[in-house]
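Input: one structure, supplied below.
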Amino acid sequence: AQAAGVSISGKGSSFANGMLQACAAAYTNNNVTYTSTGSGTGRTEFAAGNIQWGATDAAYTSGFPSSSYVTIPLFGGPVAFVYSAVGVGDGLNLTPQIISGILKGTITRWDDAQIKALNTKIKLPKKGIKVAYRASGSGTNSNLTNYLNQTVGGWVKGSNDMVAAAGGSGSFSSNATSFANSQLLAAYVEDNSNAFGYFDLSDAITADVGIAKLKNAAGTFVAPTASAAGRFINAQTPITGGTDATNGTLNIDFTKVVPGAYQLSIVTYGLAPRNASYPAKSTNATKLAVQDWFNYMIKTCVPAKAATLGYVPIGSSLKTAVLNQIKTIG
Amino acid sequence: MNLVKTTSTLSAENISVWFGERQVLENVNLVFPANKVTALIGPSGCGKSTFLRTLNRMHELIPGAGLAGSVYLNGEDIYADGMDAVSVRIKVGMVFQKPNPFPTMSIRDNILSGLKLSGRKIENAEELVETSLRRASIWNEVKDRLGDQAISLSGGQQQRLCIARSLAMNPEVLLMDEPCSALDPGSTRRIEETISELSETMAIVIVTHNMQQAQRVSDQTAFFLADENTPGGVVEFGSTEQIFNGPIDPRTNDYVNGHFG
Amino acid sequence: MNLVKTTSTLSAENISVWFGERQVLENVNLVFPANKVTALIGPSGCGKSTFLRTLNRMHELIPGAGLAGSVYLNGEDIYADGMDAVSVRIKVGMVFQKPNPFPTMSIRDNILSGLKLSGRKIENAEELVETSLRRASIWNEVKDRLGDQAISLSGGQQQRLCIARSLAMNPEVLLMDEPCSALDPGSTRRIEETISELSETMAIVIVTHNMQQAQRVSDQTAFFLADENTPGGVVEFGSTEQIFNGPIDPRTNDYVNGHFG
Amino acid sequence: MSNSSIRARQPWRRANISTSIQIVLASVIPLPLVMLLALLAGLDLTMSFITLFVPLQLIVSSFVGYRAFGRRGIGDAILVVLTIFFSTFVLILLLSVLYSVITEGAKAISFQFIGQNNVYVSPTTSLDYGGVGHAILGTLIVVLLTTLAAVPLGVAMAIYLTQSQSKTRNLVRTFTQALSGLPSVVSGLFILSIIEATQMGRSGITGSLALFPLMLPTVARVAEEALRLVPVDLRYAALALGAPNYRAFFQVILPAAKSGLLTALLLGLARVVGETAPLILTMNPSSGTNLNPFDGGMTTLPTYIYNYLASSYQTSQARAWGAALVLLMVVGILFALARILGKSKSKKSKATK
Amino acid sequence: MSQSQTKPQRRKLSAGPLSRGDKWFFRTTSAAAHFAFVLVALVLGFLLFQAWPVLQSQGVNFVLGSTWDPDSDPMVLQLGPMLWGSLLIAVLGILIATPMAISMAYLIVFMLPKRWASVATTLIDLLAALPSVVLGLWGLLVFTPIAAGWAEILNKYLGFIPLFQVTDPENGFMRSPFIAGWIVAVMIVPIITSVTREIFSQLDRDLINGALALGGSRLSTFRRVIMPTASSGVVGGVLLGLGRAVGETVAIFYVLNLSMEINWMNLVEPHGGAVASWILARFGEASPLEKQGLMAAGLVLFILTLIVNYIANVIVNRAQPWRKNQ
């Protein structure tokens, strides 16, 4: 299959992989290649000018591109906590405190009293929890850290907004197993009994794992669904009138009380150049192609496909601002 | 050629040999009496080495090797059912054309290697080393450096070491395949002397290309010949004196007088 | 031995040879007159092949090779400054112990290979092929299959092909290093005949281990000898008749009568 | 004297055969026994094999060996049993790799999988669409470019090592060997640091550059061996006929070593065709077909596998397996070629002997 | 007979002028050959140039320490656990692979009939070219669960040995150095087998025949003649495999839980290190400064393989006078 137009390649968020791959496959004006590498890699590669566009779940706080660029919210979605505890189906009730405990290694067994107390109807296995986490810099990690820090406290971030996990100085239990991307992690949770991990809902739907309900700020247990995530995201406020780094990003408050919202929901941002000479290998044609590609996603692809894949389109309240942002590419 | 089976130590009867489908020896009958040296002569490729290897069951190590006939050691067929090749090789020693001491072992260990390899107990190791080296007339040259690597010796010394190594097993028959062809005159002379001494205690079969050597060391001589594309065989067998001075077959005459080869 | 430099085609004066630091030949003086066959004899390792290789500058191809003395071809020192090794090798042909036709070429191309390799023009290719093969007495055997691969020939034929290949270059001297040692009696006889014929048009130097062969083919003979750990040299040089029937040096006598080696 | 009725026999076989039968029996009997035990005790099969079958087998074989040959039979039996056990074990592991790739890969593979590229493919796209055509082309282009540089240079090195008498030969050989130990990821880092120093941007050619230091020593080493296999007699024969060195090489040695040099080429290809890490560092992937090695991204089969393996979707994993099968087929074809060429070479060299 | 009393004077050989063609022939090939120096120098030079600031700021702790924290100020980049992990996995791989490779080579050369031997040889040579990404794929999806089972059994029955101890047996036995070691072993078995088979088949047949003629049995010949004579060559092959194992990237990346917490010898503990995989895992999102640290890691890795190679060379070339004649 030969695509018309030019080839533009992007890298970044593995959280967004499902949505972006689906859109890239359906998009015919240009040839789009997306590689799921983790948001951190996406951002450094974009900053280095190696790719024409990027996708990240966390905006830049350091390592900025040397030239002007645009940050565009593309879509959102929930991060699911998943498990393969024997005999436990979907819908285990969890709180931020328990999740923090499990990840830090202070809660080590499925039949821990705190978990039992919330799940009286479920027969929990008398087994240890095999914790799996993302090691590479990822937007999922970044948002998780923010979330736990705001709700429980005691979680610190490293460079690139990621948890400093693998070095041992980070927040994860040293018995936990780390994975370079969420798909490897999903495979692990799927293949191991009594494992626990977290990744985007689209991977969680395809993988054969249990999906937990999360207690939100309003005090109810909510399963990760597109609509629950949509409620949370569309309640956040966008930033305008700032710098390249902040413009277009959402000011996400994980403690915000939104009824029926799934609290750990995150937003994927597209990264695109605004300077004619950047990135190094770009031409005007590639910039127009990126513009067209982002427009296609916001207007056509995401609204049509997001729900089935476990993502949320940008709500109507934000859409105009986003489309205006896209116009500044080039 | 009708040979009576007498008190011979080793005798080959109707030996034919194949490599795969190709027959290289046909109907060889030879007797190697105790205390006699037998020389096998003949042009290259006529099957001397092959025949020699059938005498201690080294022949069977070659894939596709075939054999007909019998070899008797003191009246016992070495190819009989239930006869162990290893026990035959212990009684029938062999020295190769190219000296092949074990490079990783010292001189001393080379002498004892046969016993170790065949899993026998070693008693009086020092004495055995000395006697063996003495019988191979190399003791004086190496007695001060028994711990040295065997390959530090010269070619001739290595060959005598290999002879000594065989002698340490106390064989009843010693087979030698052109043992001097890679050696200098001095070493050759010494090995020839060794052969004469050894022949007092065992039967010796030696393959040689050197007519003079055959005349000097052997009591009886067998002349092998293979015409193109036919299996080789013994043309004439008799006392060395007769083969060299009054051969019956004209081809023997041609060969020993250097008209070919 | 004082030899007068006369009309000789090739002469070696005071040749000493080293491999690295080890000297293997000392002070060899020999003259090879045109139309004469010279045999070099002596036990293994005494330096015959090495000496032969100094005569057409093949010696220098071995890393660490060293040389002293001079070799004159028609009065010109072949080792002189500015003398091209290639031009020497064209004039002094060489045949090796093991037949080595070029396996990727046909019989015909093998004959012409010398000219092609030395970058010379080929005129009358067919005629040259035929004459060369005829002179090496192999024409009749191969004339119908000049396009066949050379390796399809038997060993003896290959060797004669190699001789023919040298002859196509029309050399002034032909060096042969044990050309028959790998061959059967029939091939040997034919090559010996070829040598006699060739000697009518060039000087021939042949190394051989076969005393009878030396007597049959050569006009003069040089006996080389190397004692252990000393460089080799010529013990005696003279007419073949004299060397074999009335040698002056007792060592020559010992050797030609097969008392060692 | 001749008696045409005699037949070739192998008298030594008789003893061997009866022993062999005993050994085979001895090997077969413990097997169901152990299986049964494992089944009853619910043991892991490999473990019960190692802890029960092998020791049992050792004892039985030693007994048979002892009966046939006395004491030395014990040692020989143990040697044989252990050799066969270890070899089988490792063969099973290695064949399991092949088996997995073939069975899993076969599910994904089809003409369209080999022919199409990946442009309209998302993780949920069915296996009926898209394929590795672009990755096959990418692999070929990247590897071809490397080959164009590495093979002439490697062969020239081999010529130097075999034909000249220069004193630096050993040093060159040592350095070539050092290069052959270069970890592939380091080769990638090396090119990456050049990319960053020169701002040259990533494309197919940077990937080729990263493969170059890996292919060069392989080609040089195998080519040297191939040239060394040409009997030195041939070279001497040519020189004795008055040939200058270069003519002797091109007219005599090169034709004789041709198949060996082709083997060097193919082994060099096999060395780099499956490399992943250096390409991840130095190239951008592309889901479309890109034939321009100087601009844009390019996907190769190994990087395709690497990327698709990072997805938990069934179809993505199936695509990874499919690409692995294609890659193995490429390597297999290279080897079959090398083997065929190597065979004709050995036949020839036998004939010259 | 010889009249010269003075020591003969050695002459200069090859004095004659080389033809123009030959001059070019040797010049070109020599230039190509010396490119090996240039390439090694370039690799070392470029990496050193990039790595220098990090090496300078971290000092010897770069290889000894065990913290990798590109966020702290000043940056702490220490590679210890990865280096140690590379060695641990490589050594484990070698320990598993060597007996198997020797068995395989022995089987091929001394036991199998010719036809089967050549089939096995082809197969082994083919497997030596298995791409490591394919091995990683297999390791991740097929082998890991199996090997985790083995590890669990080892831990259950031999857990008293520190090698097989784990802090938390509930945690599964996946992604441990044990599994990475097996993967590496599967990768290098064909390489070592190839080398060993070559050496076995080149052994002087006279030597083996000599042993058999002295009444040697299979075992005694193998133990006293074959192995001692072949040992240095086999060690060379093993070290070649070791070099490969130390530098392996992708296959280990898939099956090992990379962690900067040092794992000295608890093989079945589910975390460990490997320099090459670490580079692959980190480079994507590394800041320019951390990238320099990864370049330094690459440099250290290359030097490590150079050392392994050097030792291999020394061992193979060490006094083996019986090889010189061949």
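Observations
We just call them A, B, C, D and E in the order they show up, numbering each chain from 1.
We take it that contacts are C-beta pairs under 8 Å (C-beta built on N, C-alpha and C of every residue); 3 or more make two chains touch, one makes a residue touch a chain.
In this text, all values refer to a predicted model and were calculated from it rather than measured experimentally.
Ignoring chain D while keeping the rest fixed, chain connectivity by touch leaves one piece. Any chain touching chain D that also touches chain E appears here: A, B, C. A centroid comparison over C-alpha atoms places A as the chain most distant from chain C. Summary of the copy comparison: rotating chain B onto chain C for the best CA superposition needs 175 degrees, to the nearest 5. In this assembly, the C-alpha centroid of chain A lies 85 Å from the C-alpha centroid of chain C. Remark: chain C and chain D have CA centroids separated by 47 Å (rounded to whole angstrom).
Centroids built from CA atoms put chain D at 41 Å from chain A.
For the pair chain C and chain E, the distance between mean C-alpha positions equals 50 Å. Shared contact sites, meaning residues of chain B that touch two or more other chains, fall at 86, 118-119. Touching two or more other chains at once are residues 19, 140-141, 217, 220, 254 of chain E. Multi-chain contact residues of chain A (touching two or more other chains) are listed as 180, 184, 187. Residues 44, 46-47, 69, 72, 75-76, 78-80, 82-87, 89-91, 93-94, 96-98, 100-101, 152-153, 156-157, 159-161, 163-164, 166, 168-169, 171-172, 174-179, 181-187, 189-190, 192-194, 196-197, 213, 216-217, 220, 244-247, 249, 267, 270-271, 273-277, 280-281, 302, 305-306, 309, 317, 320-321, 324, 327-328, 331-332, 334-335, 339 of chain D are the ones that touch chain E when the two sit in their complex.
Remark: chain E residues 66-71, 140-141, 145, 167-168, 170-172, 174-175, 253-254, 257-261, 270-271, 281-282, 284-287 touch chain A in the complex. Within the complex formed with chain D, the chain A residues making contact are 1-3, 7, 9, 11, 14, 17-18, 21-26, 28, 31-36, 49-51, 180-184, 186-187, 190, 203, 206-207, 280-281, 309. Interface of chain D with chain B (complex): residues 1-3, 6-12, 14-15, 69-72, 75. Residues 165, 231, 233-234, 236-244, 247-248, 251-252, 255-256, 348, 351-352 of chain D are the ones touching chain C in the complex.
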